[in-house]
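I am attaching a structure below and will ask some questions about it afterwards.
Chain IDs A, B, C and D follow the sequence of writing; residue 1 opens each chain.
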Amino acid sequence: MIKLTELSQDIQDAVAATREKVAKLHAELPANNLVVWTAGNVSERVPGADLFVIKPSGVRYDELSAEVMVVCTMDGEKIEDGTPARLSPSSDTAAHAYVYRHMPEVGGVVHTHSTYATAFAAVHQPIPCVLTMMGDEFGGEVPVGPFAIIGDDSIGRGIVETLKDSRSPAVLMANHGPFTIGKDATAAVKAAVMVEEVARTVAAARTLGEPVPVAQEHIDSLYDRYQNVYGQK
Amino acid sequence: MIKLTELSQDIQDAVAATREKVAKLHAELPANNLVVWTAGNVSERVPGADLFVIKPSGVRYDELSAEVMVVCTMDGEKIEDGTPARLSPSSDTAAHAYVYRHMPEVGGVVHTHSTYATAFAAVHQPIPCVLTMMGDEFGGEVPVGPFAIIGDDSIGRGIVETLKDSRSPAVLMANHGPFTIGKDATAAVKAAVMVEEVARTVAAARTLGEPVPVAQEHIDSLYDRYQNVYGQK
Amino acid sequence: MIKLTELSQDIQDAVAATREKVAKLHAELPANNLVVWTAGNVSERVPGADLFVIKPSGVRYDELSAEVMVVCTMDGEKIEDGTPARLSPSSDTAAHAYVYRHMPEVGGVVHTHSTYATAFAAVHQPIPCVLTMMGDEFGGEVPVGPFAIIGDDSIGRGIVETLKDSRSPAVLMANHGPFTIGKDATAAVKAAVMVEEVARTVAAARTLGEPVPVAQEHIDSLYDRYQNVYGQK
Amino acid sequence: MIKLTELSQDIQDAVAATREKVAKLHAELPANNLVVWTAGNVSERVPGADLFVIKPSGVRYDELSAEVMVVCTMDGEKIEDGTPARLSPSSDTAAHAYVYRHMPEVGGVVHTHSTYATAFAAVHQPIPCVLTMMGDEFGGEVPVGPFAIIGDDSIGRGIVETLKDSRSPAVLMANHGPFTIGKDATAAVKAAVMVEEVARTVAAARTLGEPVPVAQEHIDSLYDRYQNVYGQK
């Protein structure tokens, strides 16, 4: 088993920085009402190493700190990272690892069971692109992935196969909930926040009538501007 | 009447520890938006004694502390526990006591009127198993119990008769609200949090369309893994 | 105009105590998500005097203190109470005053525009008694009052005429929102919290199916027990 | 480019005061659950100058302070205001600027994607005036504006053309979300809070039945009283 203490100092420093960041980002999940109890997890690649950092399994959010974040190889195996042996990585680790192995541009992955995104997942319906905010963030609808259960690569494969042909950084895994990706964990957390927000808004709109789709040309224009112009340089 | 101060020191210590734990767990109920005002209650068996600890009746959550938690016999009678005589145990004490007497494996019981779980109870509908999270936590649908009102054993009997043939740790008592059980009070509180979360999600899904059931074989697989593998050793 | 400083010391002390209590109870309204911005108000009779204390008009909740609470006669006229002349009593003061004049058993009144109770008011539908909690608290359905607007006694009259033949401490004034009463302001605030909670629960139930009514004999039994047995002696 | 440091001391003081106020008002948006992540923005005219102050683009709410608020001309161009060059004004700045140029009575503008107001915008439906609170605040229904996307004056023009013939300080831009106006930024923030509140209430009412309209004569009476009598002198 790989030992953290035997890796180069640069990698050890990068692991420490990533642990700090991932621990801090986990606080966004309860703060944005995306998770209850121990549900949900955030991971991020360690820059310059074939490793990623993820939440330990079944630990409450107010007990998370940089020290208990688990370091895994790209096969999703925990290394000797200084945490007690009893701290296993999240039960969704295999899915995160599969995404990192097959989508090299992805630097962060988030999974939640946020209420409204999961409601769309329960009816196997994509979230239709009826909001300019969806054009900005998702470049179209938020797609539904296949039904898959824990135990092999089927969740990871479902995420990758759904997202590889989509502009959306979010997929609604059928009967399960959203997985989101980003260039880093911050971007993936933002996508997790935004997918719940648009799911809630579109679900509310559906109780009022039939939401009016945004035309494809407008979606393209919104997506292009937002990805290239919005925010600070 | 049994006096706490006349019991063995071991039991007095166990009572003190249980009171601390139960008082602290009550804070999870408002923190997870499961209760308003004085509604809801948590109880736990005292290890090594035929006693359990429960919330006093009609007291606000911000006034709860270990000192005011009420100690009861397995018949639901308050003992001389050091609290003022005016502090009666929760009006749901008889139901908790009935569960402890008839389900020896249960160490904790929680009752709330949480919004969405109670909404399913008002229409006498079980929460169908349409989420992988429900397979994990409940091993199937969350069942509805009979209509029963306070005054005799009918609530306790309804809980026990509904749950004894179910994998679910939660029952929706008709027109009333959820009761949850667990090996200890922490597990019962978790089940109370999770039943509201899945009720809210499934209610949202129902406004979007017809939720797709999870197949029984997948429910069995999820339940088995979650009960045996999830979390830390 | 009556001057507070010319009243007996006992009454001045009672006014001071009531101001403290009413100021503090106002914090329950935003804490329980019953109000936004400056909406909503609580009042309470001053014991031993023909006066009541109410929120000043148009002041934000985080700026409320005992000192700015306005003291009014039973005709709803502000007395010289030490607050600046610019601080008028709530624009709903006439309705509170009417209730106090016509319901001597009422010691506290609360008005909010809480979301779900107001939703029932917008469709002119009572909240049907489909929850045991409603039997406990309201002794039956929560009734709808007439449409009435500010400017004369019509809101106050609508409240009194609806509640005088009801066990419910809450009335949903049509197109407007809930008014609640109690033996004191704490009881009226509790009723305001509970009416929103049951409105939200029943609205959620209605999206799932047809809520099952609680039989009248059970409502009577629940109401009797709760009013006479629940809580501490 | 105009330099802040070359303007008169009076204008520099007015800019500083407006920055403080606008920074502080931004905190109302997350506090009232109107925004997630970096969405939403508040602006206000600088008294005595052809300038306004607005949120920087893509910055999180907990990182906002008076110092990072961006100062713009009435054409929506950032001046040399002491913030780093990388801090651009909100991507909605052109819309705010258009409103200020064409509605001289407007001193503050707010934009959010608040859930229920945006849900009405997604179905292109005005919020009907079925609440006395809507008569008070909006003087009638909350209108829908045209579909328009960022890039030219079309959003600003849509806001102005919709609101210039309406008593409502809020417009629901189709598929986008609410923009609100006021005599100053505080009034515009209040309108943003209120439009979400009435949208949520009316959406809830619609799940229960058909909301009953308030008659036009009552709307007129409510609006007149509220605009002229409510609150403190």
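Following the convention adopted for this analysis, a residue touches a chain if its C-beta (ideal position, glycine included) is under 8 Å from a C-beta of that chain, and two chains touch if they have at least 3 such contacts.
Since the structure is predicted, the reported quantities are computational estimates derived from the model, not experimental observations.
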Angle of the C-alpha superposing rotation, chain C to chain D, to the nearest 5 degrees
90
Comparing centres built from CA atoms, which chain ends up most distant from chain B?
D
Looking at where chain A touches chain B, is over half of the residue numbers used by both copies, so same, or under half, so different?
different
Whole-Å separation of chain centres (CA-atom averages), chain B against chain C:
32
Would you kindly tell me how far, in whole Å, the mean C-alpha position of chain C lies from that of chain A?
46
Would you give the residues of chain B that are in contact with at least 2 other chains, written as numbers and ranges?
207
Could you draw the chains as nodes, link the ones that touch, and say if you get a line, ring, star, complete or other?
ring
Once the touch criterion is applied, which pairs of chains come out as touching?
A-B, A-D, B-C, C-D
Quick check: in the complex, which residue numbers of chain A touch chain D?
32, 130-133, 190, 193-194, 197, 200-202, 204-205, 207-212, 214, 218, 221-222, 225, 229-233
List of chain A residues in touch with chain B within their complex
36-39, 56-59, 86-88, 91, 113, 115-116, 118-120, 122-125, 147, 149-151, 174-177, 203, 206-207
